[in-house]
Amino acid sequence: MTIQASTAAAQFDPESVTTDDSVVRVEGICKRYGAVEALRGIDLQFERGKLTTLLGPSGCGKTTLLKIIAGLIPATSGQIVINDRVVTGPGPERAFVFQDFALMPWATVLRNVGFGLELKGVAEGERNRIARNYIEQVGLQGFEDKFPHELSGGMRQRVGIARAFAVNADVLLLDEPFSAVDEQNRRKFQEDLLRLVEIERKTFIFVTHSIEEAVYVSDRIVLLSPRPGRLARIIEPRIDRSASPDEIRRDAAYLDVVEDIWQSLRHYAE
Amino acid sequence: MTVFGFRIPMMASLLVWALLWEIVGQLDLIFLIPPMSSIFSAGLGLVQTASWQNATWITVKSFVIGMSLAIAIGVPLGVLMGRFRIIDNICGLWVNMFVSAPLSALVPVLMILFGMGETTIVVTVFLFAVWIIVLDARAGVMQVPQSLIEMARSYGASRGVILRKIILLSALPEILAGIRIGLIRGVKGVVIGQILVAVIGYGELFELYSRSFDMERFWALTIVLFAAAMLLSAIVERAEKRIEYYAGAR
Amino acid sequence: MALMSQETKLALPREAPTTLEAIRLFAERRRSFWVVLSLACLFTAWEIAGRIPISYAFPTFSDTVAAFFEMVGDGTMIRAYFLTLQPLVLGVVISALCGIGIGILMGLSDKAEWLLAPVFIVLQAAPMAALVPLVTFIYGIGLTAKTLAVIMLALPVIVLNSYKAVRHVNPSLVDMCRSFQGSRRQQIFKIIIPDASPVLFAGLRLGVAAGFIGVMLAELLITPTGIGDLITYHRSVANYAHMYAAVASIIAVSTLTLAGLQWFETNILRPEKRRK
């Protein structure tokens, strides 16, 4: 297979991605850990209603970049601008979904989902009402009073996603959310995620190491190269989402983009 | 902690405490706390006395014998418990019980059984140290991955080879951790035994100094003991670090 | 043929379950079977060793049990435990309150860690028993001295375990709290302390174990009261069965206490671990 990327994949061009509707702007972000350079000169914009994936081999700093956007890790230089305001720490306009779920083992599903609101001081009745709504949205009704250890991996991440939605943030940051979920559930999750992107006008920034997952869910894929992490390419898959999930996964355009990305990344593989 | 960009090692704070001790001692507030400096000079004099050298010899001897017994019996018993369910089921209860039981209450019993001499101290050291060595050796053996044993069997290793080359080596990090804690407990055992018996080794010296209110020597002896305990544990910790690389990679 | 013989082999135990088989099945299902068996093993060995006898000072198991019930019957045992448990409970409660506080502080603040951690590391590794006689110089031989002996042994254990508990809190949970803009206060009380609480409690259990050692040391060294007095007295009058009964009873009491705490820990505090 030496077929080059189809027209569906646009080459990296900074001008084409700058739009007025950008909610999150990453400006010249660099990150060093002592002598190790993790990220170098990252400039990116993220638009409302779109899902952007940060994709790259391990060590490319994709999770570091996501945590810098979240305000969990300080950048060495550069800045993060959200809704035209420079931010330095976590804020109410962003919500994070963790790779290891980060559920409190001593709290029920209901309290875990409402935890973001609890920290903001929302009254118990109100926050339980909101939490119940999102528990239902992610398909966990009936599990409100269960504890995390009583749920499967997939159900636990549904709790994590409901918790992020419950605070009604503009920007959702998802750090390899499905990597600890088994394959069947992962596919279901990806479909659910696409549905959520469509109904909630939010900005999604998604980190994954799976090429197929990235192509399937993304409006735009940012490829990072490792050591130090830099922008390599930006690809817009432009896949027809009106087709059924199974048709998309067999679609030639979809497969071509997957192959194109693999060709870009293969020389990083060990 | 870092001050002005310099990392100050944690143990350095002990110097702060020693300084504080010196100040309190110089103020002469309480006879129990003589100045650190006079404790050190008393310590220098102490190590030259024949009574200290004798006591140290006796203490080290009973400690080494007791610990050797604890390791020689503890590790094989732990390995057996890890390999055979029936031995584990019968001994497990007692090992778990004695590992946290107040063994100091047993010392009077040992005194009437083994006399007021070194044998009692050796048995005390053994009893203090052996249980944790057994438990950790057992935990180490139980953690040996089944796939590693199956790998050895698929290449035709005999039971003896599997035991020596796979199980014992794989369990080594836990066995060493057990021995380190065992050593610390052994030091406590030798001190508790000698203090309760009160007529041999450091126990006799402690008794002598506290009866004659010779606080400088009392503290000097204590510091020697504490330092020995810390040194021992540091040595085994170094050995543990050298094989740490595979503890996580099994 | 080979298939046939295998089938008959498989069917055999089902048709005629031997007594041995029944015992094996029962043993697999009931843990208490092994507890009873291992108790029986030791007590039998004790009885035989006492009957030989291996030493003039080694009473049989049955004599020891008789002595135990005699002491329970005439109330000396109960009075002794009343005296022994006072400094133990007092010392453990004080150590728990101070120890968990200091440990959490050391876990949260680098400065406190730098200043205090080495002291407690030394105190935990060192033979504190050597210092117990000192206590009598200041506090004499009363309840205060015994309580202090308990604290000296229990406090370092509790402090270091609380410190480790806080340092090993799941960093992802702390990140989660920060990402929802939780304040430092909310972080400590809603995430760090709840997540550390099983390990905090385990430290408390180890502190109780150390406290038992401390109280026995105090009663044998400083002041012959309580169980320590029973041991010392019966030893001096060569009432060995009574002495052994006192020693065995304190070991049994400490074991039962610790087992109870452990049960509480695994069943109440860590429900997520129970199902495994």
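Things worth noting here:
Here the chain labels run A, B and C in written order, and each chain numbers its own residues starting at 1.
Here, a residue touches a chain if its C-beta (ideal position, glycine included) is under 8 Å from a C-beta of that chain, and two chains touch if they have at least 3 such contacts.
No experiment lies behind these values; they were computed from the predicted model shown.
Counting only chains that touch, the fewest steps needed to get from chain A to chain B is 2. In terms of C-beta pairs in contact, the better-connected of the chain pairs A-C and B-C is B-C. Distance from chain B peaks, on a Cα-centroid basis, for A.
Closest to the protein's overall CA centre, chain by chain, comes C. Per-chain Cα centroids separate chain A from chain B by 51 Å. Our note on geometry: chain A versus chain C, Cα centroid distance of 48 Å, whole angstroms. Distance between chain B and chain C, defined via averaged C-alpha coordinates, is recorded as 19 Å. Not a single residue position of chain A touches two or more of the other chains.
Across the assembly, chain C contributes no residue in contact with two or more other chains. Along chain B, no residue makes contact with two or more other chains. Contact residues on chain A toward chain C in their complex (touch as defined above): 67, 70-72, 89-92, 94-96, 98, 100, 102, 104-106, 115-116, 118-120, 147-149, 167.
On the chain C side of its complex with chain A, the touching residues are 170, 172-173, 175-183, 186, 190-191, 194-195, 197, 271-272, 275. For chain C in complex with chain B, the touching residues are 27, 34-35, 37-39, 41-42, 55, 57-58, 110-111, 113-119, 122, 125-134, 137-138, 206, 209, 212-213, 215-217, 220-221, 227-228, 231-232, 235, 240, 243-244, 247, 250-251, 254-255, 258.
Listing the residues of chain B that touch chain C in their complex gives 1, 8, 10-11, 13-14, 16-17, 32, 89-94, 97, 100-109, 111-113, 184, 187-188, 190-192, 195-196, 202, 206-207, 210, 213, 218, 221-222, 225-226, 229-230, 233.
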